[in-house]
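What follows is a set of notes on a single structure, which appears directly below.
Letters A, B, C and D mark the chains in the order given here, with residues in each chain numbered from 1 onward.
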Amino acid sequence: MTAVGAPAARTFTLTLSCPDRVGIVAAVAGFLAGHGGWIVESSNHADAGSGWFFTRQVVLADSLPFDRAELVRRFADIADRFAMQWQVSDSAEPKRAVVLVSLQDHCLYDLLHRWKARDFAFDIACVISNHDTLRGFVEWHGIPYFHVPVTADNGEAAHAEVLRLYREHRGDVMVLARYMRILPPAVCAALPGRILNIHHSFLPSFVGARPYHQAYERGVKLIGATCHYVSEELDAGPIVEQDVIRVDHGDSVEEMVKYGRDIERTVLARGLRYHCEDRVLLHGNKTIVFR
Amino acid sequence: MTAVGAPAARTFTLTLSCPDRVGIVAAVAGFLAGHGGWIVESSNHADAGSGWFFTRQVVLADSLPFDRAELVRRFADIADRFAMQWQVSDSAEPKRAVVLVSLQDHCLYDLLHRWKARDFAFDIACVISNHDTLRGFVEWHGIPYFHVPVTADNGEAAHAEVLRLYREHRGDVMVLARYMRILPPAVCAALPGRILNIHHSFLPSFVGARPYHQAYERGVKLIGATCHYVSEELDAGPIVEQDVIRVDHGDSVEEMVKYGRDIERTVLARGLRYHCEDRVLLHGNKTIVFR
Amino acid sequence: MTAVGAPAARTFTLTLSCPDRVGIVAAVAGFLAGHGGWIVESSNHADAGSGWFFTRQVVLADSLPFDRAELVRRFADIADRFAMQWQVSDSAEPKRAVVLVSLQDHCLYDLLHRWKARDFAFDIACVISNHDTLRGFVEWHGIPYFHVPVTADNGEAAHAEVLRLYREHRGDVMVLARYMRILPPAVCAALPGRILNIHHSFLPSFVGARPYHQAYERGVKLIGATCHYVSEELDAGPIVEQDVIRVDHGDSVEEMVKYGRDIERTVLARGLRYHCEDRVLLHGNKTIVFR
Amino acid sequence: MTAVGAPAARTFTLTLSCPDRVGIVAAVAGFLAGHGGWIVESSNHADAGSGWFFTRQVVLADSLPFDRAELVRRFADIADRFAMQWQVSDSAEPKRAVVLVSLQDHCLYDLLHRWKARDFAFDIACVISNHDTLRGFVEWHGIPYFHVPVTADNGEAAHAEVLRLYREHRGDVMVLARYMRILPPAVCAALPGRILNIHHSFLPSFVGARPYHQAYERGVKLIGATCHYVSEELDAGPIVEQDVIRVDHGDSVEEMVKYGRDIERTVLARGLRYHCEDRVLLHGNKTIVFR
């Protein structure tokens, strides 16, 4: 069997964006080096059009003489000087995903496997569904399951309950893993850049309902899946990841639905991994993804 | 150097579509076998939704005791019985492409190379452009070049001239190889299923002008190209072939334009090959492509 | 939620291979049409090099006036005349997979989901492992689990027991879903064209142990997975399906192992689907796959 | 037509590798910022296994108060302190490619188009061939063409002449664009990391002659192409770029040869672009490619 190395060392990940100017990298790297910080990953992006700068620095926790809180305190001066939007995360505190599902469970199987196999660092805080059918499978994995029925009339109240559960379980990211209800604007607004959805088309093609039917009708030769952050406008939020697979004239809508699952699960999983590893920075309605 | 075999044997290619029912393949294969016809390729598609049947049969010419004209004459009975739309082509008469270009020449370089290298069986009857800049390159290859200027006012007359040249040079298929003018409805209507365009996006996303700019603005993670038959509605005709390549936040519009050329040329070339090898059958606004 | 149509109609699938000559399709299609057989899928392949012909015909069971046994009886004459290797399967009797696993469970999760979601028609007769760790998960799905320990000394005896279990549970295909033991020659020889393995490299690169380590050392820019039939020579049997994903200098062996799982599970699942749908015909050490 | 922006601003590109330790990025970025250097692209890679660090920094030339020579002079102190292997290139001096071809011209067509279309910054210093057949096409583009015949006996002398021409025309990189002769060890040794080859297989599969024949015989489901630096061992040098396309049982060797050209040309062109944009750093027999 393939041996999968020693546990990864504890790291702090600093991500930031600010107006671009001379000296940002020098200041950040100088600060870290001044405290002995050993950088294991470093990515930068300067967006010429908007004049904005983005960076992600991963530092070995043990190389610094202080903890995350002190790192944040000391870095604040530099952050102020460059008007940075920034955050520091700690690999010892993996992000907690709250997963929403309906009846289709291919993404759920996939996420539960990745969580169990430590495919990347994240926890599943709980699973919430508008149906009760997947309770047994989720609870078998030792993960709490909540059934929040959604009717034509109770959308706002039901999703207020979803949001309450998310907070009660200290969610860091909400994952719509083929959840077939539309979140009300209040929930979208409460968690900007924190709700990941998998849409079963190559956006911006085939927004909305039954995208495989739309794809079949148009006669496209590739079908796709898109992982994006949820915003108040349906299927229009910042795109994190996309992929496609080939279909042909012999494939019915039902077959497209089945083949599409293979990219839905991998695209959602990649998007969630990027998010949980702090690889995604928002830039208006677009994303920087430091892979 | 790789030896690329003996010249392919002469073949007749029969393509047909008709309402599906029991006995079509038996009738077609029985007819061919009754005359000693040796089938080297055979593809079938039954479309359950529409109840329509499609087939493509490639027969060795030498295995039949008669020529194409007699084959057509004798097959007519079966065709009538099953209400077939059908045609028979002869590999000894490769299709003649009339290629339209503007200033960008990546598809033109590619098509000229494929023609010269006998990548697949087709001839380039002539090249027509609304500019005169590519004359030297085309004429160096021994291919006639026509400059038909198109202004804001003369679109109909100019394209009537294009159509006249197409017919004078006995075109079988018109190839818009990054031709940046819109064909008037009369030309589209005159050549249904005979005009191939390469659109520089993954249709139906980003119809119309400047698709790479649209893709950049939307922040997609893959860009595409689409080869489709031209119909009167812009970028809405039957899709023949599509492909995509990955881009990321670091790619400017200019870079997308450059990277996109790589899929534009291969997608157009594949679409043209499928057309010239009689692999494409129309089915409403969709295509059957027997690859 | 996406509605996934009515249950598919019952079909018989006839697959055959024989020396190529004039009249095979005519005879087969004529036979079927003569009994009113409605063909819903039909694929053919003539291999020019070897002079061998292959076909797969899917017929609606209800369109024929007899059952599978009678179909087989009546077809035997034609089969004899053309010296065919042939078989007829019935969609009402889905193939029974016996799945072998070790400790890694990504392919197992994937196969169990596909079985539960009826992704394609197959049953999981039982799961056999050289470890006992996955018992709970498998049994939760209501599938029998057998622990057959394999030591350095008992390989032949242990796998004789595996073969006995396969037969006891009426297996049609054995699936090595990241099973990390090598089957003894006697088992390979007992089930030719019936054992599918997933190898975690793009064969023929990186045969044998630790292929991701080999890939890392060589510095390849894509890693792959290969689904193949098991033969007595290690990793050298007929290839059914392959795929690749991109890696770069930043990816460690551990990350390659993780990313590779995504293609291992889809490639194995596609290979198994092709097998269970009778899409794969053997031709020496190669496969015809009628997708 | 798509407008492809203003000409890119002049830049200096600093690439370096050295043993990893705390403070490298701080020193480099601090040096550049201290002189007002505006960084437009910045990529870093720390190789944990070997303890080696790699970086590529692209700086606007106009943001510095001195030219390339002075930049080199001043940076030498830092380079010494960290024991760096390093170089600085100037976008005003695009790399000069010397292209070697035999009879197949698909890569040549592609490279000439990219040069003419300014697809990326490079010049073609001259084309050298062991045949005289492509002279006209190359000279039409205004590029010098040299015919250096290679026989069974004169390999060393002929390639000494090739090397002389490379130097006379001030080549920066030698590109084997389907050149079908093997370079003698003396030439390989003279230009380490400066000779790019396109091999028509997915290395390490199918080393040596007739890789498509080998692929056909093995029955692989994808064929590939590999761009690598030439070393003295055949097809074993550091890999820069690879890609694959799908084939199936219906594809003959001849068709694989034809389809393979599409990836050969794009893979070679991508490899050359990475090289000319100083994106490739060597690390033993592997490459870091900062895309």
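Miscellaneous remarks
The rule is short, and it goes like this: a contact is a pair of C-beta atoms (placed from the backbone, for glycine too) under 8 Å apart; a residue touches a chain by one contact, two chains touch by 3 or more.
A quick note: this is a predicted structure, and the numbers were derived from the prediction, not measured.
Set against the C-alpha centre of subunit A, every other chain centre is closer than that of B.
Rounded to the nearest 5, the angle that brings the Cα atoms of subunit B onto subunit C is 180°. Put simply, the C-alpha centre of subunit B and that of subunit D have 35 angstrom between them. Averaged Cα coordinates give subunit C a centre that lies 41 Å from the centre of subunit D.
Contact with two or more other chains is made by residues 41, 48, 250, 252 of subunit B. Subunit B contributes residues 22-23, 25-27, 29-30, 32-34, 36-44, 46, 48, 63 to its touches with subunit C in the complex.
Listing the residues of subunit C that touch subunit D in their complex gives 45, 47-49, 202-206, 218-222, 224, 238-244, 248-250, 252, 283, 285-289, 291.
Subunit B contributes residues 1-2, 4-5, 41, 102-106, 109-110, 112-113, 116-117, 119-120, 136-137, 140, 180, 200, 210, 212, 250, 252-254, 257-258, 261-262, 266, 269 to its touches with subunit D in the complex.
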